[in-house]
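There are two complexes below, and they share chain A, which is joined by chain B in the first and by chain C in the second.
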Partner chain A sequence: MATQALPLVRRRWLPRLRGAGWMAASAVAVLAGLVLVALLAPWLAPQDPDAVSLAESLNGPSAAHPLGTDQAGRDVLSRLIWGARISLLGPLGVVVGATLLGVTVGVVAAWRGGWVDAALSRMIELIFAFPGVLLAILLVAVLGAGLDSTVLALAIAYTPYMARITRGVALSERNRPYIRALELQGFAAWGIALRHLIPNIAPFVLAQASLCFGYAMIDLAGLSFLGFGVQPPRSDWGAMISEGQTALLQGMPLSALAPGAAIVTAVVAFSLLGEGIADHVRKAAR
Partner chain B sequence: MTAALVGRRLLALALVMLVTSFVVFSAMYLAPGSPESFLARGNSITADTLAAIRAQYHLDDPFLQRYLSWLGGLLTGDFGQSLQFRQPVGGLIASRLTTTLLLIGYASLLILISGVVIGVIAAIRRGVVDAAAVIGTTVAMGTPSFVVAIGLTSLFAVTLGWFPAFGAGEGLLDRLWHLTLPAVALALSSAALIARATRSSMLAELGKEYVETARVRGFSERRLIWRHAFRNAMAPVVTLTGLVVSGLLVTTTLVETAFGLNGMGSLLVQAVNAKDFPVTQAIVLIIVAAFAVSNLVVDLLYPLIDPRERGRAAG
Partner chain C sequence: MAPQRRPDRRESPSPSTPFTTLSGPPQHQPRRYLLPQASVWSRPRRFAATVAVGSLLLAGCGGNPSSGGPSGAARDGGKAIDVTETTPAASGPLDRVTWAVQNEPASFDWIYNASFETGQIMANVCEGLLRLAPDMSLEPALAESVANPTPTTWVYRMRPGVRFHDGTALTAKDVVFSLTRHLDAKAGSFWAGAYANVSSVEETGPLEVTVTLKQPDALFNSYMSSPAGIVESEATVQAKGKAYGTPDGGVNCAGPFSLASWDKGQSITLARDDGYFDPKHRAKAKEVVFSFVRDPAAVVNGMLSGSIDGGWSLPSASLDRLSTGGQGTVYYGPSTQGFNAIVMNADGPLRDVRVRRALSMAIDRQGIIDAVLRGAGQPQRAPAVPGSWGYAKDVYRKAWDDLTITRRDLDAAKRLVREAGAPAEPITVATTTSEAELPVIGAEIQAAAKRIGLTVAIKNIPPDQYNGVYTDKKAREGIDLYLTSWGTDFPDPLQIYQYFQTGNLYNFSGFSDPAFDELMTEAARTGEPETRAELIASAQRIVVDRLIWIPLYTPYNTLFLNKRLSGCPASYVQLHYPWAADLGATA
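Now for the complex of A and B:
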């Protein structure tokens, strides 16, 4: 599988990505940096992110604590670096889940047409009627707060966005002669879909997934801010903002503003990347 | 725009609400942890009291019967009893609704006015102004409401002391003063979105042939922009504003929590934390209904705003 996939990526995707412009390129650089920070957290973080030291509560920036300390005397920079992990993994879970579900639904709807398409389309419209964050709050009310409930709920809520775009491009791809030819040669439908159709529509799906990543990050951070997402002692950036609110009101805003800036940076980078890919894919398709 | 079309859309709306009510009710029904243990508040209670509580809240009836009686109650405006506050849910929500509606109305005005103004300016002043608008709106669109909220609080409430950091205030003027920072926090990313939509819509109109024709005929640039391009460009923007405003009903949850406002959104958060299911069910349903109704209204209004759509919608 890997031996087949790699040339595919190189042949089909890289040339398309290369022309995506400097905005997208700088977005990729920023995101790569964030992923590196998340991966290297144990080596990058100057302090233990969970080390409570009440004597050092709400200290300003210093050599030992470049971004100061929070209410419990924990090092803000170290918590920010460690928080990158959950803050990036959560949206990744949402987007991977929504993409798997959405691509399946979209391809099946486009391939089968008729009543299957009609039924799946109605279902998608129904989920559209439900705002994502509200669905997550409902699931938290039922299952209790936690990263799993919120990621699961948002994956379902984001499925329509992935399904709609997949169905659209899959419909036009489905009617291409090469698909007909493969069908006539007697290849199984799922085989054609998996090996030929999905790789060909992948750039469209990738563009949409990148846009969704940014929105998922906003939604998950918001849910954590409300206390519905990741639970203490673990924190993502959204939870850090909530923790830092008291300090902010006392005139020590860094422990809340620093994670806020991190969220904005990541979200803007993802939306620039998504738009860059989408622009390029649209141009290439013409 | 025929009566049949409106009827069909209303029927679809009723269906969506029916399915939603069923999903919401069964979700709460399946939730672990029973309501009576909440009502007992951890005290050990006698079997008689337990039976009385179960009877009072109809907890022993079969699922479908409970759903139907709850649904029947909704249709007559009876949302049940709040477990947490021990008062009717309808009255509880009504008492919180003023703040939320005022906040959303305030934010909607900010979104529409600033979004359209920035969008038009960006479209007619290409170059530095346009580039600044594009960069600014890109960042604003990526800034979550609660991040704006803490930024505004830190700058305008804590450091400068111009606005209060908490509470909703008394009387209209005081309320508007208290709600200014929350409204800006709620509005910012949506205003940026509207600005971008206005900008691209205006650019598309200004590039069309009829504008060039009018320019050649010697109409003033001001008349071209406002009387011709602007009027045609606004239809999609108004539609988008409708959708964006209905989305504020969810975002307001975060802003109300960040500013300690006693609105419907913060009530939802309290209800979820306290496992107060009747309140949670009611607010979720109200938000979904408002969402669906505003989408419908936007769809139905669209042909009225843009006469070119009339033939298409009817056909």
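Now for the complex of A and C:
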């Protein structure tokens, strides 16, 4: 049976994003720039990011290497540009995974209530009690190091954050008259949830996902720093910081500072975007 | 066929040559000391003691177009590195020395002494029957003399008047107890392998102990310079029980320093023992404090600010700053350690020796030395490095010079790959980020493989798993090449080649060659140094030709001393020599 959305509630979140403020707009611009850099990496990078040239180890900035070279003689700028791909795709994978799992768990808990809600809530609390990075390290020990393992591990670790907020807003949404009306009309629960409830709680989920993106980026960078994440010769910004550690001691900070600055920029941008969305969602709710 | 055996010097008692090293294949836990990646520059230091050994080491590496210099000064972008066995002699006493160590020792019990940190501290507290001198020769410590009346008998006569730190006299009973403890399987000594051929340890006089072997074992006597030969008070070990060797129980040995305090997680303080038996090595410093500083940057900053007086195995990245910081001097000493890419899986993509040879010929060893060590090392040609040639150096040098398989030749490497056919599966090289040099070396091997048509996949694994490879077969799964520093505890190449014998615990790839085994067995029975060296050189040739280990480089031992300190050796003897006793004020 086809379901029909209620236009009033279904589209109400769209105007909110338009007024998210200049901070959020700046964040969107920065993030768009980073995404563009990642997409255009093959054309923007001046060198092969994986080309090892030990003779050029730890060279300072030059025309050929604007940010110098790392200890293996690789061009830091090129690695930074190519690294943007994995550095952005990794957190995206974490957030998408955590959102899918979290929204499912949250909506099911809110919809079914009773023992299902209690069981799912306890499960969420259990995962909450486990530090995300530790969970990731445990999972990496089982699955082996690599981007896939760390993304999967962090997606699981971030699921409670998404599930908790989803359950909270879904509970109040579940009791709204339009949901009752749809139920009385005989629509299937999954259809109502998919077509009406979830779109209406989407702004909250989006705000949380945006914040999680920044945190996931830091955690993934940390795991890459420890060697659990992306495997050489591919590199992300976290791995680049790890590779640049020894250069710091030699007074050649660029190979570590450049990826560090990129991470800070991206994380701040995502945080501002998340905060902006959250502010507007709260204002609209009032 | 093994070369003809020459007359064995051990067949007649020879008290006049008590420290002849012999051979044998005991096993022990390998020390995995990751030596510093020295970086370097020119320093106009020329000590009288700047050693012939350093020159010989470097000369031994001559002939390879990609190697460093042929003299005692290695090149680094036109700058020279002095390799020295010792630092200038100290001229006066000191009140206190603060030394940096990266990790806290797990135990001070000598039978568990197998870490770099524990070894360098304990060497000043607990003496053994023998010790390694700065020139890496064996010299007497607690033993006044050593005799080898039959190939299977070693007789150690103790110095009279030696006292433990608590003032009690050292007796032959203590020696028997200390040596026998390694034979106790329940105790789980890390050095039990050194006693694999020992049948009995007996008191044969008031200050005399006789060790009887099941079969000739030339390495046994050399092991007496390692923790396998340390002597501790039996009464103390019995009285302390499980607390022995811990921060609460401490130790009671006969070294130039006693263990004054152990502040858990912070530091260990040694105090000078004024009753130390050897006037030549009586400590000049009243107190030596070993601070546990995990972060290399903190160590470097401490050295540059003067709050840390010295340290061994310096991070390579810090050497330029330390040498130009004006607070002290970085010294480079000869070492018995080498850095190798060890074949873990002989059935995988490296099963064809031509592929292994091709990979070896493609690696830019000098590039690694320049980028990772900043020039402070030499390309390596065989698992046993020049620093481990404790005897018959001419034989070993000639054998070394004849080894060309590690010489870089991309065209020949490509030809070999074409002949053998590139393996379908990638060669997996294990690295870990906890050791700064490994990712760079891994990247170079990956790039080298690509240049000749091979594919290398890097597998980054956590530090614990990385070190677990030595003992856990499961940890080796999925690894084709393993990067590690490995060397000998004393200058005898036989020690490292025993790991290639059929069935050896550390023969990870399952290498087996009857001719090699025969040469090693023969070498173990041969006391005459030249003949033994020839046998070992022949065995070495087999190992190198088969490239079970792909030798990469041999780094120098690095040491930083604040400008107010001097006197200790710079060679790689800090684990088996009471080096802190020699530290004193500069002139």
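Simple rule for what comes next: the second predicted complex is superposed on the first by the 272 of 286 C-alpha atoms of A that agree within 3 Å, B and C clash if a C-alpha of one lies under 4 Å from a C-alpha of the other, contacts with A are read in each partner's own complex, and residues count from 1 in each chain.
Here, a residue touches a chain if its C-beta (ideal position, glycine included) is under 8 Å from a C-beta of that chain, and two chains touch if they have at least 3 such contacts.
On a predicted model such as this, the values are computed, not experimentally measured, just so you know.
Chemist: Overlaying the two complexes on chain A, which is it for chain B and chain C: clash or fit?
Modeler: clash
Chemist: May I ask you to decide whether A:A256 touches chain B, chain C, both, or neither, giving the answer as first, second, both or neither?
Modeler: Only chain B is touched by A:A256; chain C is not.
Chemist: Determine, under the contact definition given at the top, whether A:A51 touches first (chain B), second (chain C), both, or neither.
Modeler: Only chain C; A:A51 stays clear of chain B.
Chemist: Mind working out whether A:S271 is in touch with chain B, chain C, both or neither, as first, second, both or neither?
Modeler: First partner only.
Chemist: Thinking of the overlay built on chain A, is A:P131 touched by chain B (first), by chain C (second), by both, or by neither?
Modeler: First partner only, chain B.
Chemist: Can A:L248 be said to touch chain B (first), chain C (second), both, or neither?
Modeler: Touch partners of A:L248: chain B and chain C.
Chemist: Look at A:G214 in the shared chain and tell me whether it touches chain B only, chain C only, both, or neither; answer first, second, both or neither.
Modeler: first
Chemist: Could you look at A:G222 and tell me whether it touches chain B, chain C, both or neither (first, second, both, neither)?
Modeler: In the superposition, A:G222 touches chain B alone.
Chemist: Applying the document's definition of touch, where does A:A141 land relative to chain B and chain C: first, second, both, or neither?
Modeler: Both: A:A141 reaches chain B and chain C.
Chemist: I'd like to know which partner A:L34 touches here: chain B for first, chain C for second, both or neither.
Modeler: So A:L34 meets neither chain B nor chain C here.
Chemist: Could you tell me which of 165-173, 381-389, 399-407 or 471-479 in chain C overlaps chain B after superposing the two complexes on chain A?
Modeler: Clashing stretch: 471-479.
Chemist: Kindly list the residues of chain A that each of chain B and chain C touches, one partner per complex.
Modeler: In the superposed arrangement, which is not itself an observed complex, chain A uses residues 137, 140-141, 144, 225-228, 245, 248-249, 251 for both chain B and chain C.
Chemist: Within the complex, which stretch of chain A touches chain B?
Modeler: By the definition above, chain A touches chain B via 126, 129-131, 133-134, 137-144, 214, 218, 221-222, 225-228, 238, 241, 244-245, 248-249, 251, 253, 256-257, 260, 263-264, 267-268, 271-272.
Chemist: Mind listing the chain A positions that touch chain C in their complex?
Modeler: 50-52, 54-55, 57-58, 71-74, 137, 140-141, 144-145, 225-228, 231-233, 242-243, 245-251
Chemist: Which of the residues in chain B end up touching chain A in this complex?
Modeler: Of all residues in chain B, those touching chain A are 16, 19-20, 24, 27-28, 30-32, 138-139, 141-147, 150-151, 153-154, 157-159, 165, 247, 249-251, 253-254, 257-258, 268-269, 271-273, 275, 277, 280, 284, 287-288, 291-292, 295.
Chemist: Okay, in this complex, where on chain C does chain A touch?
Modeler: 39, 296-297, 300, 315-318, 320-321, 364, 367-368, 370-372, 431-434, 436, 439-440, 442-444, 446-447, 457-462, 465, 478
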